[in-house]
Amino acid sequence: MNNLFKYILFGFMALIFATGDISAQGKKTTRLQVEYYKNHDKMEMLIATLIAKERRYVPLAGAMIRFYSVNDTSKALLEELVTNDEGKVVLKINDNSKIFYDPSGIMTFEVEYGGNSSYKSVQRQISVKRANLDVFFFQKDSIKSIEVNASEIGPDNLITPIQGLHVRFYIKGTFSLLDIGKEKTDQYGNARIDFPVYMPGDTAGVIKIVVKIEDDDDYGTIESRGEINWGIPVKVIKKERRGLGDTDAPLWMVYTLIILLSAVWFHYLYVIYMIIKIKLAR
Amino acid sequence: MMKNEHTLADPFNEKVEKDLLAHLTSNRRKGRIFVFVLIAIILVGLFAYYRQLRYGLIVTAMRDYTSWGVYIANFVFLVAISLVGSLFSSILKLSKATWSTPLTRISEIIAIAAIMCASIIIIVDMGRPDRFFNVLIHGRIQSPIIWDVIIITTYLTISLLLLYISLIPDLAICRDKVKNVAKWKRWVYKVFSINWHGTPEQYKILHKISFTLSVMVIPVAFAIHTVTSWLFSTTWRPGWDSTNLGPYFVSGALMAGAAVIIVAMYFIRIALNLKEYLNDKLFDHMGKLLVMLSLVYLYFNINEYLGPAFKMVGVEGEHIIELFFGKYAGMYWMVQIFGLILPIVVMIFKWGRRPLPMLVLSFMILLGAWFKRFLIVIPSLQHPYLPIQDVDESYRHYIPTWEEWAITCASFAAVLLIITFLIRLFPVIPIWELKEEKESNSKPNQK
Amino acid sequence: MKKRKIKQSRRKFFAKTITAAAGAIGGIGLTAHSCKSKSEEHEKVTLLSQDGKLVQVDKAAITPASPAEARKGIPGKHFVMVVDLSRCRNARKCIKACDHHHQLTPDRPYIKVLRMQDNPASSPYWMPKKCFHCDNPPCVKVCPVGATFKRTDGLVLIDNHRCIGCRFCMAACPYSARVFNWGKPKPQKTNHPYSPETSIPSQIGTVEKCDFCPDMLRQNKVPHCISACPNGALYFGDQNSDSVTNGSETVRLSTLLRDKAGYRYLEELGTQPNVYYLPPANRLFPFKDAPEGQSS
């Protein structure tokens, strides 16, 4: 951040002393990507990623990003945030009273990077409708299934099911999400897939299910999660072992070594004792 | 006070004492030059080791893949040599081969010198000798290296005990008879002869513990070289992955040990003027013994190569081809022919068992034995399961650097220096045992 | 004036980031963002974890595990790698990423891409090879001082502060996975003390090898070679959860191995490697020999 200050200062000085050669054509192109994301805690956020064209596109850190809510007539500043090392900023937008809604409940945001002496300015608009995604688990006889319900939140919190929405189902792994299927919602906003058989869970057999609407034109990205103990419990061998590859030797090896070595070294001691006896003999 | 009741005024005894103690007081120029040369070689080796400590093992020709080199080959060789101690002070003694009595002390001295240098050379091979004590702090007894550390200590101890107890009566003789030497030597004789007066009780104890140790040393000696072979056979490398390796190493060691004794005999009998004791008859005996040991080794050698050469399985086959026809074929066949088959053939004949031919053949066997260790260690490492690719050319070959040769030569010089020092200090042939033998021979069946 | 303003905005930014977005962000995953301030003790790092928690921790807390901690392993995990030989075209990006991350010189990489040919009649193929992190590791069994060790999460690591440089492990490894610091290693840049989990800094006279980047695994990120592969030939994952990922796609390990006839190299040696190979059938690329003298 101190560097940012330096750059601004240098840029400022350059502007003063430059002979006018520095113009828009010397500035580097920037790109802004904005994503609406609602996580499983129903927390809504806007994620903006700023990249700039150096030799190739790289994240631009320490840049000021402005978030506005707009409608036909007005534009309200929501927040100013500075990008991190990955060129990203995250703005939480739940319960923000400054946000405008149009009659059908659509929110429109404008995200802007103002640019500076070396980077071009850039702005982006995004419109989303609020929606909910909920996970349920059903078991009938031996068939286990995961069901999702997707619904739109209209003005005055009016809930209506969404039909024809693509929902993806995942199992949460250590490094990534394992895709287990996708389905379209029916007229009731429901989508259902069968639970995969023989899926390992954690030690208690618990599996974390993640369902997502991904980058939808109307609803952005919405995620929901559920946990269910349908997995096969993983046996974690925690027992301290004594093997050839362990820190501690197998006991038979310890005993064998002790017996062999004591047998030999006992004789050495005996010989030394006898040598002393020779010395004392008359 | 200093009277030796046991050996009073016997012409044989007087002559033996005079002959065998003579070298302790002499100080010849040739000997001094010899020691000087040895020290010079050791100093060069020390300088090479200083360079290795300073720059790391990069000064050697070892690299990934050929990660063990002449140091390990030399270590195996020195451990092999050290086995000779057990051969003479135990196997031959217990089998009542009395002709070998004059050789017991030489063999014990060689054993001690070799095992000491073997343990030094294994430290030289370590990448971090400064962390040697990690072996004690973090030692895992599952590792064959720890077995080796334990067994080397055990074998060195028993070798020292064996040498010492057979020295006690002779030290007493030195204490009583050798006056014209440096003060510290007389101090050594006095202190280490621990009040020995040759009383029947003292003899009784001496025989008892000497017998105990003779029995004890056999399993320990076999263990030391078998464990050394396990350093290799516990891996999957071609040529090492063999159940034959233990007896193969032990038999090879006994052969090399006998050859070393012959070389030592030859030079000691000239340098110390002991032709009468280390006589041609003894060479003849040693020749027969060496033929026997070489035949045993030949048997294990055939056993070691026939199976893999018949099957030609994967990398094992590559390894065999490399040895029989490839890069190492010259060395391999030289070793097998001049270091094994030729000596056996020549020594079968009586004329081949005279001192000079025996000396030459023993040298050939020793050279063969050293290069055989080289052939066991290095080509195996150059045939891993996965191909060697994308590496510097230096990773594909192994030609030892001058530092490695200097350190190897220094280890030989150190062996010789320790032997020379001990021979100068002590009677090289056990006087009291010769006397005893003479007595027991003359008493029951005098011819 | 200006400076103060920026500082203020920075504080504001962090306050926002912490309170905002207490959730997993699919694309972002885990974001480490360090805030550099003048005094070291105030150095804080904001972590947005996959588990939907946004935490601020002392930078000291994410220093790599100490040699003693590094022996334990990450609880409940058993890491595996799958190499799809049909997708490798010897791009060597994995080697580059590994060399960069571990600050290795190109002459002694941890990863090799070997030109293999199983028999004269079959076509040659490229085989990326790292440490196999065997479950019955020959190297660990022979180590006299326990400098190389097997962890509960399947990893085989080296503590180069304990290694005595005997190179028995190199002789024991049938896969030639290990490299040795024959001379003084090239100076390496790091702010952290040595950890077996980072293998940095290297030490003269000690052995090294591929470590599966446990410093990354601790952050729930895959090793560098995995994300570097342009063809998705390398998969990594946790055997216990039966899923592996090559960065872009995630698949069930058991399905992958079953459908593509996964095998382990030299299974007959009984080392039980944790690296699986998928046969070079239905290849993505025709085999092209590397130009002469290619080394990096």
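When the chains are written out, they are named A, B and C in that same order, and each has its own residue count from 1.
We adopt the following convention: contacts are C-beta pairs under 8 Å (C-beta built on N, C-alpha and C of every residue); 3 or more make two chains touch, one makes a residue touch a chain.
Here the structure is a predicted model, which is why all the values come from computation and not from measurement.
Shown here, the protein chains touch in all possible pairs.
Taking the mean of C-alpha positions as each chain's centre, the chain lying farthest from the centre of subunit B is A.
Computed centre separation for the pair subunit A/subunit B is 66 angstrom, with centres defined by C-alpha atoms.
Work out the mean CA point of subunit A and of subunit C, and you get 19 Å between them. Per-chain Cα centroids separate subunit B from subunit C by 48 Å. In subunit B, the residues that touch at least two other chains are 140, 142.
Residue positions of subunit C with contacts to 2 or more other chains are 141, 146. Shown for subunit A are the residues that touch two or more other chains, namely 244-247.
The touching residues of subunit B, counted against subunit C in their complex, run 55-58, 60, 62-65, 67-68, 125-128, 131-132, 134-135, 137-140, 142-146, 149, 231-232, 234-237, 381, 384-392.
Partner subunit C is touched in their complex by these residues of subunit A: 1-2, 4-5, 8-9, 35, 37, 39-41, 43, 45, 47, 64, 79-82, 84-86, 88-92, 171-179, 196, 198-200, 202-203, 212, 214, 221, 223, 234, 236-238, 244-247. Those residues of subunit C lying in contact with subunit A across their complex are 2-3, 6-7, 9-10, 13, 16-17, 19-28, 31-36, 48, 50, 52, 75-77, 136-137, 140-141, 146, 149-150, 152, 220-222, 236-238, 240-243, 245, 249-252, 254. Put simply, subunit C touches subunit B in their complex at residues 107-109, 112-116, 129, 138, 141-147, 162-168, 170-172, 174-176, 178-184, 203-207, 266, 269, 294-295. Across the interface of their complex, subunit A is touched by residues 140-142, 150, 154, 157-158, 161, 164-165, 168, 194-196, 199, 201-202, 205-206, 208-209, 212-213, 216, 219-220 of subunit B.
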